[in-house]
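Per-chain numbering from 1; labels A, B, C and D assigned in written order.
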């Protein structure tokens, strides 16, 4: 057990999974790096975020595979290898690039099991860096997991800390269904205690991060820390909240959310995606149906506005939900 | 090229099975017995069989929207397939896939595919698995003359070369993508050259002639299996039906279809060759015909009698159900 | 004024818009048909659903443009032509094929205006045939409009009858933003009275199809007729409902929905897409926030289950929400 | 090829402007003044300028993530661009786009683009508009050696041929896509041939030499403008910085960067040529340098002083806001 960044926790999970199971390999753009390059330093890069660093050196060219810039082919290659028994972990760099490989994710990988009458397995994991916070503007800042949650057949994971990231990724690799693994890139450098051994966190089990009586807060990914900060700051004002991080948006731990809302009667859902057809609406609607009789106040969504992510740091700061907005929304419910 | 008699009989049987499967499917669609969108392979049988006769169960294929022929050639259970077309829960995919998604992973059939050029990237993945495991398998993807214009197809070809994997790209040029001719849709003058530009050899075949396809496919598959990276097969062929059942085929020249059935029928051609060479007698082929017809008849009878899916089955074969609704 | 099918109404709108404005052209696979073919009958097809029939013959090869099977290039071509002042109407056949051209829709066309600081216009329309009902299985039956609604910068239109289809399409073509136009393919043959003249229906204005006191029903696309049937059948039981068809999922006529829910206190949202992050959740969440104090009962969603669309007719019938399910859900709210 | 002196001065000024813009942007990024992901064009200036010197305001270009050079060459306001990089609301895109989305539709700049190969299909659309309107415009898209492996790029090339539109595909081979060399990522031996396989001529240029690019681009653009369909330019070039600012550049050979700056600097080469030919004196070039440096200095000063966006501006420039949150 030691403090690790989320980047290192994911890297460790990959190393361990690959050491344990020969059928695991990684594939993506520059996951090794320097292929074909005059320096000869193949493997020196480990992905543009450094998440796969060291893997080429440990596992060699058959298990750490660089590709051209061809995301559809990357996902397809993962899907095809998985159909014949491998356990690929593909990296698609930025979640926004789902745009160029959506068919392979949604219509192919995600549907085989059902369309083939339950007779196939496609244990592929696709990793993405998601979300805002880098002034990376409209095409490099989207969370995208909410959109993928809409598609049956795909499991969708959004770790909010290094500990969860490791356990959820190890689970994802063992899972026999395709798993989309969204790494909030704003959290790569965040640290927490992470066991050195392998462990898994089951899908569909939410994490309870705070317990309280007044309001249930459900938050995803990058928003979890902000929700923690908002809730902790409100403690002094005598407000206490449940904080739930579902960790996997599909399967979703409906029970955990409903139980909490039944107890508190108030719900705030926080995500960094825009408002329409997103996870905040999804979970608000869940409560409005199945916890309706417990609700004492409007169900609130705290999310980005309905616009692309702006470039300018000031604009992006206004775009992504802040601790203050979460806090004031909670207070509004109690007013 | 001389083939053992057993192989010859097998090839003919496969082609005939596909032909009769398709013709019967056509009739049953016209009868209203088969729902959905169905694309028939009649006329192109020699392509699927000429390729798949080189493959074993561990090799994989991935097919297209026009998938019945490839699946049968690769060994899919014909009765299970017919049941699938009829939407029975006893079908190969329990009635969930239908014509466009027939699959049998155990037999190395990674599925027909409703998305044009959805298959090639997946096939590269299967080929990559073979490379990693060094198990000498090959992965074949089928594409049409229209599908080769889809970005995924190009990406797959380049990636296969980059990764040096045993992927075989079979392009069946039946001259049409839906209602558009290859002359229009493929901008360059020579699709074979454009394909070779990606960095692998492409072997040309007469897609109405089993032996020609078998020969070209053999070269491509040997190339790939030997670890030399991907290879291609480019076959000129023709479909005897419309793009889908019911297509008025405004694109055809007068007499084009008659001409195709007359001069580009792989079954006729096969019989002619056998008559010439004397390797197989016409009676032997007649008896195969009879067996095939009986099998297809049986498949339809069984499909009509087979269990229908029940509403609860909607929610099976997916990892979770949500309580909404 | 005469009875027209939705197919014909859309076809008429295209003819009229093209006659009126030289900058309008159509592009897609087989929108003319028979190009390069030995028959020489170019223009004989008019799209696989026949929606663009006759256009090539009337407007010729510069305004009715067939393409290879290259959806990204089709959308890109529409976007590029629109950026320089044309008003293209592209056809992407099945909505499911968004998978192969999502980037051009979502990250390109949909974001130019915002990313370029409001200094560009991209008046492109992309038409899709959407939804189930044809035993077309997992890759040819999705509605997809719910997923596109999630993306800022795109306007999303879902006509539920021939009249609306014509007026909304004419509006879409005039609109300076990119518009995604989803034609529920199950409705192509449905007829209603459609004026022969040109007219537009503004975006963001819902249609009120039934008025009642007990329950608000909001339904989209193919589900609208089924909701009508369900509501009309309940009349004899003394149940009366508001029925709202938002017609455009973005912009959304929030006011119409909220007003109705404030009056009835009960809401059922019906759509043929699966449940997660879809329009049923989206609208349920809207009510749970902004009409909360009027709500008398849980907000109900009637939608498809969380699975791909199955092939078999029986399974598909069980998959797509039926009149009976809508009816029983309404009754459940009043029990 | 001889160019009027005015043209020569203009070309040099443009290249120098790009160079100094980039070098200053680099410094300001290191200073923490510019946020986000920025990809610098230093070293490749002759490509953008050699192409854009053939274009007028009505012609369009579409660029890449490495877009500053293309935008400046096509006439974007340098001060507006610097303000944009600084995220000011006075920037060319009001601070909403940043480095990866600099655009100026009025000037025919359809934008830098953060998605690799996002541009070519869009450029084909602009070219199609030109074909339809018969207005003799051309549409140029820039791609890197990595971007040509993306499916959209292939689709665009084929579609341009099919539709016979005046689209010009400029491929800048700087040998790297991020940390990967073209030797690895492009499977075939010869990218020019692969590209020509799509059915249009590709003209090769030395991307460090303005005159070479100008010549090749002229041929391609004339070809397209004359109604002969698309054409390509293939330029060998080199970037003097990392892929992004901060890239440790593990992929470089020892001495590679020094070598590039020494032997592949388009400004040096231009000066040498002018010294040889005597068409322009070194003093004239020096005075351009001084003017450019002053302009860049001014752009940074203005950018630093420029208005910052306010939170309300987040919701502008999109067709609707929803009340949620």
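One rule holds for everything that comes next: a contact is a pair of C-beta atoms (placed from the backbone, for glycine too) under 8 Å apart; a residue touches a chain by one contact, two chains touch by 3 or more.
Predicted model, so just to flag it, every value in this text is computed and none were measured.
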{"item": "Selected pair, greater C-beta contact count between C-D and A-D", "value": "A-D"}
{"item": "Most remote chain, CA-based centroid, reference being chain A", "value": "B"}
{"item": "Centroid spacing, where centroids are CA-atom means, of chain A and chain C in whole angstrom", "value": "30"}
{"item": "Between chain A and chain D, centroid-to-centroid distance (C-alpha), Å", "value": "35"}
{"item": "Centre-to-centre distance between chain B and chain A (centres being mean Cα positions), rounded to whole Å", "value": "39"}
{"item": "Chain D residues counted as touching two or more neighbouring chains", "value": "93, 95-97, 101, 113-115, 118, 149-152, 155, 158-159, 162, 184-187, 317-318, 320, 322, 324"}
{"item": "Multi-partner residues of chain A (each touching 2 or more other chains)", "value": "67-68, 70, 72-73, 96-97, 99-100, 103-104, 107, 114-115, 137-139, 152-153, 250, 252, 276, 280-281, 286, 289-290, 301, 305-308, 310-311"}
{"item": "Contact footprint of chain D on chain B as seen in their complex", "value": "149-155, 157-162, 184-189, 193-199"}
{"item": "In the complex, chain A residues that touch chain D", "value": "29-30, 33-39, 41, 44-45, 48, 66-73, 96-97, 99-100, 134-140, 275-276, 280-281, 301-308, 310-315, 317-319, 321, 325, 329"}
{"item": "Chain C-facing residues of chain A, complex", "value": "72, 96-100, 102-107, 110-111, 114-115, 137-139, 146-147, 149-153, 249-250, 252, 273-274, 276-282, 284-290, 292-293, 295, 297-301, 305-308, 310-311"}
{"item": "Contact set on chain D toward chain A in their complex", "value": "35-37, 84, 87-89, 93, 95-101, 113-118, 146-147, 149-152, 176-187, 250-254, 256, 308-311, 313-315, 317-318, 320-322, 324-325"}
{"item": "Residue ranges of chain B touching chain A (in the complex, touch as defined)", "value": "60, 62, 91-97, 101, 103-106, 110-111, 113-115, 118, 120-132, 139, 151-152, 155-156, 158-159, 162-163, 316-320, 322-324"}
